[in-house]
Amino acid sequence: MSGPRKIDIYALTWRLPIILWQLVFFIGPVLFMVAISFFVVKNYRMTEAFEFVNWQRMLTRGFFWDSYWYTLFIASLSATIAMLVAFPAAWALAFRASDNLRRWAVFLLIIPFFTSYLVRTFSWYVILAESGVLNAMLGYIGLGPFRMLNSHFGTIIGYLTLTLPLAVILQTVTMANVDKTLIEAARNLGCKPFATIWRIVLPLSKTGFIVAALFCFILAFGDFVAPFYLGGSQEPTLPILILDTTKSGQQWPRAAVVAIMMMVTLFTVAFTAIALAYRKPKGSKG
Amino acid sequence: MTTKPKTISKQLLRRDVLRIGGGAALSMPFVSRAWAQTTEINMLAWYGHGEPDMVGAFEEANNVKFVPKYYAGGDNMLALIAQSPPGTYDIILSDGEFVQQLNAADYIEPLDANDYPFDDMLHEDFTKFPGHWDGDTLFSMILRGGHLGVSYNTTAMSAEEASSYEGFWKPELQGKVGHFDWHLPSLGMMSLKNGNGAGLWDLSDDQWQAVQDTTMSLRSQVGGFFDYGGTFNGLKNGEMMAMCGIGDWITGVLERDGAPVASVIPKEGGIQFTESYCIGKGSSKADLVKSFIQYMMSPEGQVKSAQMVAYPGFCVTKAGRALLQEVDPAEAARSHQIEGMPNEPIALINEGRIHYRDIPQQQTLEDWNDFWSEYKNA
Amino acid sequence: MTEPLVTFRNVEKRFDDFVAVRDMTLDIHEGEFLAIMGSSGCGKTTTLRMLAGLDTPSAGEIRIEGRLMNDVKPHERDTPLVWQSLALFPFLTARENVEFGLKMRGVAADERKKRALDWLDRMQIVEFADRNVATLSGGQKQRVALARSLVMEPQMLLLDEPLSALDANLVIRMQGVLTRLQKELGITFVYVTHSQSEAFAMADRVVIMSQGDIAQVGSPKDIYRTPANRFVAEFVGRNNIFTGKTGGSDNGKTKVSTLQGAFLAQTPDNPPGPEKQVSFTVSADLMTLTLTEPDADNKAKATLISEEFIGSVVTVFLEGQAGQEYKVQMQERALAELDLSPGADVWLSWEAENANMLETGS
Amino acid sequence: MTGRWLNIALAVYVGLIFTFVFAPIIFSLIFSFNSQRFPTIPLGEFSTEWYVKIFNDPDVWTAVRNSLIVSSSTAVLATVLGFCTAYTDFRYNFRFKGPYLALILLPPTIPLIIMALAMLAWLSRIGMSGQLWSIILAHSVMTAPFAMAIIRLRLHQMDPDLEAAAWNLGGNEWQAMRHVIVPFCAPAIVSALCLTAAVSFDEFAVAWFVSGLNKTVPIVILEIVQGNIDPTVNAIGTFVFLTSMSLVILAQLLFISRQIKSHS
């Protein structure tokens, strides 16, 4: 624009209210949580202060770091499992299924997102219990009973309930968009099927896959339902620690410390992943 | 099922169904109750206290509607009050030991002792319950109690084994011992196991360390940490064969449902949970709440409390107990609320085997909670 | 001469560091069909967008009928544009598309409908009036787009490569439609294109742009026969370009010594001095190809490389001394009579009048 | 392995994945008609007891009403927020556009429990907690990115000249918005409304924290799961499932059918 800058009311109409809204109802809460982490609790009442006592207290405790590493580990593990388990199915849907079949499959996989996660978790509880459906079925063929609830296994099943459909959808969509002629070209040049996956399909789907894995990680990392109801809080994850801390003596400042540590971790993971996902391959311009 | 006592709740339910099927015809049920011109009473309580079996009759008689918010654990209760504007809760059902905290934080209104049947208490401790009085001012009315001990699946443990907290360490129970996910009752039990007896809450540093050590030694037995619902399901499904930190309040419900579970007060002693009503500070419906408390302290109210669907608790008034024995002898017998029965609650208190749940005296609640987190993580 | 309809005075448009249009001065006259031509990125579309108010000049002045337009909003102008993408509203029918502008101007519903149908009828697509535009063919969409702009009864119509998406036959047909419309309506058309054939076929005047500058303005014939500079000569194509040093000047002709020999060229209006580096062009169709050495002022030896047919006309590509490329355009029949095959040695000749000296320094 | 056997193996594998995904949903449906209070195998008798129970429970109806209010208001707010951001991203380039987009797109990366904690702390600080609209505020922030994504995709399909064409034909920016952008985005707007409503309808963590005494359907579910577990959970779950699915299918039909149309 030439001349003095004029105020463009039209443009601001679409921009300013959002900025204000998000500042008040998104940045506000997040920053306030940071502030809370420096407050102190006296007689079950939160008092404004600026003290590092909560940080000191939480970060010097073994149990915080145990939870931290455990959560990081189990969330990464479940994201990895989700990605691996999803891959053959996504590959089949992307390359072996008709467009129509694929659309239906993706649509079906969206359904779980609109059923109550709590209810699904509760269903798993009944299915996986020692006297539950699965053990009963295994019993008919003379196996078990296996202990599946209140274990890492239970927690991971819960996480997968949340993340597996997403992983399959994202992988399928990503791979379905890979230019099929490239694959044919590779096969034509004598590339073996598995080598084709490794050398052609995966590099071309890198961004989609990293984003999918990231989402799986984020969902598992922040979920408290699965580790609580299916994992029996055996080794409480950070979300459980947050709940426990808020329940106990109004210790919101300490819960805030845990929450901030989680957010910092998530953002670090997310930015690293996104940077990896969108990094240009070597040798290309720009 | 036919042998089971008809609980008031079932009758209520049937009446509701009849009413809907009949007079109200096909109109939506919420029209009949939730959206009618009623006064709403906000209640903060443990799960189940605001359900129709407890409050339904009072609601109908007084054209009020209880809006419950449920918590789990006294710290949780305090947190919920702190996060709400003053005057949010009209009635608070608190654990006995937390009344003092409520009062200290100025969350509750004083009561008039003359409004309540203090001359009819089953035990003198209930008239002057610790923390309920500040000098001569009453702040909370005791409603009911229950005893916590060893809860177990009778197919996995004998009554003999359950008669000591040692039972939790039974090798066959590895991975089958559950905790109710709140530090106070579980750690209290560990303190009792260490022989601290009446001083179970008043632990010196050494004793506290010893309690922690004992608790930690149980960790390999533990199969999970559960809320109310999880505890329920765990015991019912056979996922957990013994539970630490609960008592008849949970096994009682399962027993009524026919599950092979039981609770006993072990030889090291048991813990009593006590539930008391308070009127929330700044409540505009204090009078209604007062009459509700009076109603719950009446014999009918006491029977309702004893029969509460979510979890039972024993009567604290003589008249209440008498009425229970009359209208529901099976429940009275099941919960040993008949004079002269073994494990009769009042007798247990008199024998000194029961200790009222309290908060740690020499440590802070946070110390206990931190240890609890550490324990869960171990 | 009457006042021009549009004047650009030293107009410049920058996008950050990129200069899209530089120091443009141009008049557009009422009733003329003006084509702005150039390759992509030359600034032709930016020029059109500035005229429509979609881009604001960074410097200089644009006036329409004397009124300064720099900061006038697009919707306050009377400069409907036919978009390269057509930009028809896909959720509307053909008629609703045509009515759109009238609706924006607050014309009443029946009036709108009548005028829209009139124009659809005029464009011979009235039977598709109530069809969703997404279901129309390319040519039909084109007509809807024209009707949508013309229904506004503008004094000037802007067209941004409107035919680029059509196939070759349809392009020729639409060219006819456009020229006829322009003559009938008598309004100004400003037509942006990269296609020389479109521009030359329809325009009264052609503006050739290169990298934000105007390279030449003139009638199609001027541009074809006497390109002003090397850029235009190359852009127009079918030109043989010679470079050399000026020698003496004589009788309106200038002698130019090149690596291919010394030739006579038309002396331009401002003659270059002697010993200057100059270039001149000769249109391919003004070159004569013979087997034997001709008797002409300008002649050169060359070897035939290849031939390219465009119907009855053929372009012959040849190579001369010092690697010089020649193009000769001639009747296919004439070429056939010569019976040549690649590698054949031939003679080229041309009249000195047809050797057009380019501006120096270009 | 021949292609045929590979295909069969893959089909079986995909079948297993779908079994895993749908087992809890199907079992929940089965349990909701099972007479036993604590669902175990073997199943009890067929019973609609739990449906009768929730139908007769005024609290459930209040929760349904609350949920409908919350999810519809959230949908409208979030879609407006998402639309504005999507349009701004589509139309404008400006300094700090990155942070601007981050402002609206980041919330889904924050775990629900943290969102819940932060929202409650902040809203009670500014005196806005414990109300039905507290949930609406929080949900609008959480679901706006989904609306933004859907509408942005739709705008991506739009010929960027379309809006300019409207100006060129004499429409000012507001008229172009009203007559071009909004109609073009209409299917995406409806999809966004349905999707955000469905997400909000099922969200319990943040709702439970900030709602005070106002219960929505998922909060009722949470309380039953935490408290007196019985198969009403499954009955309510089935109800929630049907509601959400209707919204999703509606959104799909509108969006997909439009897309097919616009590609033909």
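Every chain is named by a letter (A, B, C and D) in the order it is written, and numbering of its residues begins at 1.
In this section, a contact is a pair of C-beta atoms (placed from the backbone, for glycine too) under 8 Å apart; a residue touches a chain by one contact, two chains touch by 3 or more.
Chain by chain, the UniProt names read as follows: A, D = ABC transporter permease; B = Spermidine/putrescine ABC transporter substrate-binding protein; C = ABC transporter ATP-binding protein.
If you're wondering where the values come from, they're calculated on a predicted model, not measured in any experiment.
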Higher-contact pair (C-beta pairs counted), A-B versus B-D: A-B
Chain whose Cα mean lies nearest the overall Cα mean: D
Distance from the mean Cα position of chain C to that of chain B, given in whole angstrom: 91
CA centroid of chain B to CA centroid of chain D, Å: 37
Between chain C and chain D, centroid-to-centroid distance (C-alpha), Å: 55
Junction residues of chain A, two or more chains touched: 126, 129, 131-132, 229, 246, 252
Residues of chain D engaged with two or more neighbouring chains: 40, 121, 173, 225, 229
Per-residue multi-chain contacts in chain B, two or more chains: 72, 227, 233, 237
Complex contact set, residues of chain D against chain A: 7, 10-11, 13-14, 17-18, 20-25, 27-28, 31, 39-42, 81, 84-85, 87-88, 91-92, 100, 103-104, 106-115, 117-119, 121-123, 125-126, 137-138, 140-141, 173-174, 198-199, 202, 204-205, 218, 221-222, 225, 229, 233-234, 236-237, 240-241, 244-245, 247-248, 252
Interface residues, chain B side, partner chain A - complex: 72-73, 75-76, 78-79, 82, 101, 104-105, 175, 178, 181, 183, 222-227, 230, 233-234, 237-239, 364-366, 369-370, 372-374, 376-378
In the complex with chain C, residue positions of chain D that touch it: 159, 161-162, 164-173, 175, 179-180, 183-184, 186, 261-262, 264
Chain C residues touching chain D - in the complex, by the definition given at the top: 52-54, 73-75, 79-81, 83-85, 87, 89-92, 100-101, 103-105, 134-135, 148-149, 152
Residues of chain A touching chain B in the complex: 43-46, 61-64, 66-67, 70, 125-126, 129-132, 147, 149-150, 228-229, 231-236, 241, 244-252
